[in-house]
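Some structures to go through are shown next.
Shared between the two complexes below is chain A, which has chain B as its partner in the first and chain C in the second.
Up next is the complex of A and B:
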């Protein structure tokens, strides 16, 4: 059952241009691996390699087209003759605000990011987004004070900053959206009742004894306890409960 | 019939009483409407620079959204949105060169040629409902109310997007008469309220809005009706400033015309939304014995 690494015996080499310089790379690689194959070493601008951290955004163009395309280097496979560069960071403004002082009014976002109203609906942000977020639409929602809609539309944002890099109004869209999602979570969404119960359980020491027991174990014992833990059977059904009730 | 409805940003924040009352009217008149999905700001003002096409992108994109939804007409409430959308539409219809430039720039959208018709709530009432039918639907006539309809600029100018004759119009008066009100005409009904000058030169804006209010009062108005959130701000919400500067200045209740229309048609108090108006407006309704019908305590 050991993991196997598929070995490509003879991948075809294709030309790509990294920051204007031509390299021959195997056509099966992602942009990130192709850059490493070409001899570059990432010391930043490379995070999860799984398409969620937003650190490795690439902008590229294909021959014969004026279209600027985008993708995450760790998720996008190279194509012949593509011109590319990495934009690992964008120096967009991130406003400082005291979250505890906020009340959830749209005006608080307007005050933190007045440049919101510089948007002319050109849609360059949406076109460049590697996550296909409708960026212009959440900016439009915020302009009319609809924080909830902005939070929902921007949910897939990975904070890569490409939207800001293309914006003629110089908006830091991704930071504005993050503020909207924070406000939505804290002030506009009903608090989860079960969370209060769980926090109270922790504070009153319900799990203290179990934690002490676990912390006293060495690695081998921990592994053994983990393997032996009680699991819900596939046929458990809705009425199933574990023998040990402490976690409920 | 079913119509596409474009609200505009201000109706979702500072002018909720304009939207809720107008939509209640549509419901009571049996008009089906669908708020445009994915709309953006109309652009707020139509740019007067000849070579400033980027500011037309927002309104044109909204018009494309209307077409995308399969509608040929879009209904607006805010007169500023009406003006911006209608003028952008005229340009797309008539200026082949600029139309080409704009369509090329928005290469992710289908080409747009100005096929959508932009209407305002007032000309929609006149042309689709008609004053006679509107009069028939009135449950609480606005009897004994001396109302001054204030047009401002953007419903009437420039001429090619005017909802009525640009000078000496009568559409707003006809509408309020159909609701049972007594109409007061006053010379400054078509003058600018001060508009966005309130930001750069609030004194100049206050001067002209004060003159408009004084003109309406001296012609016998008991209240003013208007269609635009920015006019409402300059003429309504800045009245405290007017009063504090002039010894013999009098206040004047100001309403969105849709609020009084909703009241006349028998809408719920919550939809009339007078709770968002100033105290003087509520006192006026009380003096006409309409407060109970119009106002729900929160």
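Up next is the complex of A and C:
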């Protein structure tokens, strides 16, 4: 069992071309499992195997079609006669910046990534994105200086680099988006006040005695305290407060 | 692939009971939580309780400890490299702090070590950020809302989840340092889900008494990982990252301190020596050992390497007799098998439902109880749903979320999973998901203290590779927390240790020689070599044809 290669394959075998070479693989497998089934062992081009890490970018073409398709090897199911290759790494330029020195102005991104303005709005980036991120739209948002919009539009980016591989303007879109998201998180979103208060309370030792008391409890006492916990209801709102003030 | 006809028929049954279940949810009429006694009873269905799944370790500092065969196999193995062939007199790299592992804990440790004046090298097996951290979806716990929550409740929840066996000091530090960890991430620009005034959104997770799960949509781990990795990349003068070079042995010095590691370049097959004044072990977990044949949610590189090499260097292990099975892993479609469905779906109101369309367990039990309940429902009570690939699962009724919180909620709150299923022709805002427990987390690991120190001077531990924080069972949201809290602590402790260490003592691999001798004496098969580094998914057919066992000519 498991997400390993099944020992007994009942599914029909279909031909695929891994870097031009033909292999017969079960039609139900993802490209990643099909490559392993063919006998390859990954060092590159394989990561989380769950579609979030961006290690297994793959481009392919189907028979008789000029169209270049793309996908994550771990998420895309094989199709008969597909010609595929992985692009496990792409040499995109990443700008180094001092995050503490930033203020949240769009000019700071323009300075780090002047190539942003080489975008010709061809939309090749969006078309190739395996996560359906509207890449060109966030680049356009940045050109207008709207960092927040760029951060939101790019949120699902897994930094696989396929956008950069297809870009006529040679932009490193995913690196630019990363900078935008961090700026958004720190400089364009209000900090949580309740968080500051809690950290300060812990630093001044508000809970120190309770913690000493807890640590000294034997298992029986601890179980008692555990079962006495008042449970916040699943449907309660932000302002719910417990009846008992113990531990607060 | 979309659900076939047989399953579509069974989905009708789920639909027929949905309205009534939604009504009960709205009225807070939950299936009651199990009592502590009933929990113990239920846990008999948990894979940890299968005695035939474990054996006593024959060698090493925790000799006699009963753990899973798959873990014992990698511990009872020989070194990948003959220590006699390794030249330690001329290190390839020298640094203050060597961090082994480039996931969340390793990267946090590197950032803090660099802030405390150390030059840092991160050595990692795959790419920087290739780790379970990246895959954590649900959230990160911290008691940040003082009007209803505190470290007191966080502590109790963690202990209860871990069967009250957790190491108290480790839990205390986790709970007390949690809010500061969130603040640090917020400060680094992590995009947590917030209300317009900046208040962090929080929800429940299994085993929490208060809503303290912070999140960044349904890719919390990825958002944290890419944020801290980005910061590390901004400090190339202080933090050097070496990728595709897993550590295959620790190096000690003649004073008995940890003083570096042997790295293996998997692409060129060369070995390299790093000399360091302190070492942080942050190699994560071991899902890819596929304990008891279970499918796993884990990253390709989760093969227990750090446990293996630190164990050889004399560090004891603890809590490895328990393994966490995440209750809800995808069991259909086959292409997505093993992939985790975050607990947040249950937090948002989705029921677990059997073949009769009935809810059979409260969805907010601790993970082990939840997983045991699903296994019981399928195997003991025969109320599981058979999949086209011959497996069993139960429904996770995601469309309920739409009824509870409005149309479009599933796509908005769970964009990652929505897209994943959409690719297979399944709309999870309209159709439920078919799930089964999947190997998820290594509860135990290397023994360490709340300062990151281990029994081996100069070796510090952070993250999943360590044991004790979560006792016998971790709660959701405490792993992302653990890696940040203890990553930062280990990084700082290692930098301090390095500062007081002049690093003049001679390097040695004598401990590896001794371990190999011990293995030989215990009669362990000479072909057993570890760390494993990567799992092998080659089919038996192919393996039969891979005849070369010793390489001589020019081709491997």
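The rule is simple: the second predicted complex is superposed on the first by the 188 of 248 C-alpha atoms of A that agree within 3 Å, B and C clash if a C-alpha of one lies under 4 Å from a C-alpha of the other, contacts with A are read in each partner's own complex, and residues count from 1 in each chain.
The criterion applied here is as follows: contacts are C-beta pairs under 8 Å (C-beta built on N, C-alpha and C of every residue); 3 or more make two chains touch, one makes a residue touch a chain.
The structure presented is a predicted model; accordingly, all values stated were derived computationally and were not measured.
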Chain B versus chain C as contact partner of A:232, first or second or both or neither: second
Using the touch definition from the top, say if A:121 reaches chain B (first), chain C (second), both or neither. first
Touch test for A:30: chain B only (first), chain C only (second), both, or neither? second
Using the superposition on chain A described above, determine whether A:172 touches chain B (first), chain C (second), both, or neither. neither
First (chain B), second (chain C), both or neither touched by A:159: second
Report, in rising order, the residues of chain A that make contact with chain B in one complex and with chain C in the other. none
Interface residues, chain A side, partner chain B - complex: 106, 119-123, 127, 134, 136-137, 139-140, 143-146, 168
Which stretch or stretches of chain A touch chain C in the complex? 1-5, 7, 28-30, 33, 36-37, 39, 41-44, 46-53, 55, 75-77, 94, 96-99, 131-132, 151, 155-156, 158-159, 178-179, 181-187, 189-199, 201-202, 207, 210-211, 214-215, 219, 222-223, 225-227, 229-236, 238-242, 246-248
Contact footprint of chain A on chain C as seen in their complex: 1, 25-26, 28, 30, 36, 126-127, 129-130, 134-135, 143-153, 155-157, 159-160, 164, 168-169, 172, 175-176, 179-180, 182-183, 186-192, 194-200, 204, 209-211, 217, 219, 222, 226-227, 230-231, 233-234, 236, 244, 266-267, 290, 293-297, 299-300, 334-340, 347, 349, 364, 391, 415-416, 419-420, 423-424, 534-540, 542
Contact set on chain B toward chain A in their complex: 7-10, 12-13, 38-41, 43, 54-55, 57-58, 61, 105-106, 108
